[in-house]
Amino acid sequence: MNALLSIDIPYWGQSLLRVLGGLVAVLLPAGTIVYVFLFKMMSFMQSRLGPMEAGPQGSLQLFAEVGKWLQKEDIQPTNADKPVFKMAPIIVLMSTFLLVVVVPFGPDAWFTDLETGIFYALAVSSISVLGILMAGWSSANKYSLLGGLRAAGQLIAYELPMVLAVMGVVIQAGTMNLQQIVVAQNAGSMFGIDTFGNPYVITQFVGFIVFMIAIQAELTQAPFDMPIAESELVSGYMTEYSGFRFLIFFIGEFATAGVFAMIASTLFLGGWGVPFAWFGWTSMDSVSNWMNVAGPLIVFTKMMVLTFLIMWVRFTYPRFREDQLQRFAWKILIPVSLANIMLTAVLKVMF
Amino acid sequence: MLIAQNIGFAIIAAIMIVGAIRVVTTSNVVHGALWLVVVLAGAAAQYVLLAAEFVAVTQVLVYIGAVMVLFLFGTMLTRSRIGRDSGLNNTYWKMGIPVALALFAAMAIALIDSFGSEKMPSDGSIVNTQQISDQIFGPYLLPFWALSFVLLAAVIGAIVLARKD
Amino acid sequence: MAQLPGLLKGLGITFGTMMRTFKNGSNTVQYPHEKEAPPVRARGVIALHQDNCTSCMLCSRSCPDWCIYIEAHKELAPPRREGGKPRQVNLLDRFDIDYALCMYCGICVEVCPFDALFWSPEYEYSEPNITDMLHDKTKLSEWMETVPEAPALEVGADKKKK
Amino acid sequence: MFVNQFLILAAILFCIGVYGVIARKNGVMVLMAIELILNAVNLNLIAFSMRNGSADGQTFALFVIAVAAAEVGVGLSLVLLIYRNRRTISLDDLSEMKG
């Protein structure tokens, strides 16, 4: 195990640092996304200013909201299946925390360096479906159940194109380890020019588009927010939740948006790295140590750009009808991503 | 390190056994499915202990992410009552206990007889993902193709069966 | 694919609105700090001109929400002419409007035959306690000060009949 | 770590699964018990893969997982079909031969 920043830290210290880092890596992006995009950008796109009272420009509004939620009554429906009802939001949030574990933030600044990194990420992201189904079923409410079932159908349908879109990147990089995918992009070159490295957003553009659409659907953001459609299902599986249990769902939603954006930036935009040619690095070992500090900032910036895209789409389009939503996944996205994989594989073998 | 692994094994094994017993005794179908999730997650953890990372991740992706969601989906669509559900067991359900115990006794005797106190190779070569892919696309290519056809047939069959008309 | 130009146009509209809000500010105002003047005939609150009220109960009965409460008693007033019979007049004891119930339909103002009820554009009378939303006749009379002058009659309109 | 500890655990899970198949009437519950049995087998495969230091066991475990997914898909669609026709998923009620 490499010593972080070439300081000698004992094993338990590193573990503790990683746990704290994981908390920061989940909650900080979630808070920033909620304030910058949900509060401010959405308001500006609707020609209003959004929250302005709490703190300068309303920047402390999120804390006010959290305080409000924490002091609300914790209501549980009489007929609800109490243990399942209580577990559901925790499972959704747990999936987010498990997801952030594989995102690399720098040459040594990672939580775990799994050999099957991206595969693991796809696997744990599917755990949240369970939480949503549990929430929908245990609420003893028809709307919630319908919302949960819709969410499950949607998440299964869109997980497939997501996996397939990632497959193109994995074929091109020749590895499932996220750290090595980052290195492959930044150390690579396009047509002999290595100034920009080889971010896969260019070579895998189709995959990038499919992946972004799929994560939009995985996050149940508009236009794919059929499961929580407030005009027909009140708010789907979240209807019966209040107080801090709703807060956990809320944090889970936006933290997952941030983590998915981080994974997308790692897969397609070069992650924590800058093109290695800028500083004359050739491989992972020659990367200098300050990237451990600069890396998280670079990932954060790329994440904000991608989240801006997600939220921009969210605030622009009206929602799909349920049948359109399923047809879009099965008849357009999956064939497109399959064709992308085939093309990538053929090109990979040829060159 | 080995002690830590053994403690981890014991905890996960206990959780798995409790979960498995709850799966076959609970009186609510959805609770049964959720306990099965616990067992499957425990199995994935055991695979990690056995240095089979890829299989563990596949277990989570396929079993928890797809199969169990399908199970829950199916049960919630058909009978999703909250609370106890009578009539899940056969009238002769007590027959199952001696059968299971006898089977376990036979298997335990056989296992202890043949493996005794043999230890896992602690420095054994760890199988990595590339080896598995070499296996699948090398000697096991034909079974892999057959498996793809089985999956295709299952997909078509499931659609044909579940169609309304 | 055919929908792509429309989709991009939609994205352009939201982005354009965002940039416009950045540059020119929003279309909304930050209410407690800056206030918009309501239009002259805005339906803010209903004011009562007590002297005109004969407690005929028309407003109370026509109110869809039953939020107007009127109590009155009869008194004898001196006759108008010398030697005439003493007149009977209704004196208001209570005239309450419960603004927690009122839905601002304005039927009471329309139906009043004696010009006792008026719309005032005043709107800042929210209360922390819901029972304080019941305005009694003194409070309703205070609103009279905020009622704007009736606009001049249109050219060629009939003179108001006596 | 002993080899046997994994094998015994797998045996326990297998027997619980067998009990479930025998004792349960509900179709979905029987399918779940079959999943338990399949997982016990998988655990064995992985344990032997570790013991022998070969990738064969893991490969077969992957095959088993894929087959199990197919089995659940077909099995659940059967259960749904039965439910639609009979309004029950109790396996004992399916003994009638007429359609």
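Going in written order, the chains are labelled A, B, C and D, and every chain counts its residues from 1.
Here is the rule we go by: a residue touches a chain if its C-beta (ideal position, glycine included) is under 8 Å from a C-beta of that chain, and two chains touch if they have at least 3 such contacts.
All figures in this text were calculated on a predicted structure; none of them were measured in a lab.
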Contact counts by the stated rule: is the higher one at A-C or A-B?
A-B
Can you compute the centre-to-centre distance for subunit A and subunit C, using the mean CA position of each chain? Integer Å is fine.
52
Taking each chain's centre as the mean of its CA atoms, subunit C sits from subunit D at a distance in Å of 72
If you average the CA atoms of subunit A and of subunit B, how many Å lie between those two points?
28
For subunit C, residues contacting two or more additional chains:
none
Could you say which residues in subunit B touch two or more other chains, in rising order?
54, 58, 66, 70, 77
For subunit D, jot down the residues that touch at least 2 other chains.
none
Graph of touching chains, which shape: line, ring, star, complete, other?
line
So, with touch as defined above, which chain pairs make the list?
A-B, A-C, B-D
Sort out for me which residues of subunit C touch subunit A in the complex.
7, 10-11, 13-15, 17-18, 20-22, 25-28, 30
Touch list for subunit B against partner subunit A, complex:
30-31, 34, 37, 53-54, 57-58, 60-61, 64-66, 68-70, 72-73, 76-77, 80, 82-83, 128-129
Per the touch rule, the subunit B residues reaching subunit D in their complex are 2, 5-6, 9, 13, 16-17, 20-21, 23-24, 29, 32-33, 36, 39-40, 43, 46-47, 49-52, 54-55, 58-59, 62-63, 66-67, 70-71, 74-75, 77-79, 87-90, 93-97, 99-101, 103-104, 107-108, 111-112, 115-122, 124-125, 127, 131-132, 134-136, 140, 143-144, 147, 150-151, 153-155, 157-159, 161-162
Residues of subunit D touching subunit B in the complex
1-9, 11-20, 22-26, 28-29, 31-33, 35-36, 39, 42-43, 46-47, 49-51, 53-56, 58-59, 61-63, 65-74, 76-81, 83, 89-90, 92
Interface residues, subunit A side, partner subunit B - complex
79-81, 84, 114-116, 119-120, 122-124, 126-127, 129-130, 133-134, 136-138, 140, 145, 148-149, 152-153, 155-156, 159, 176
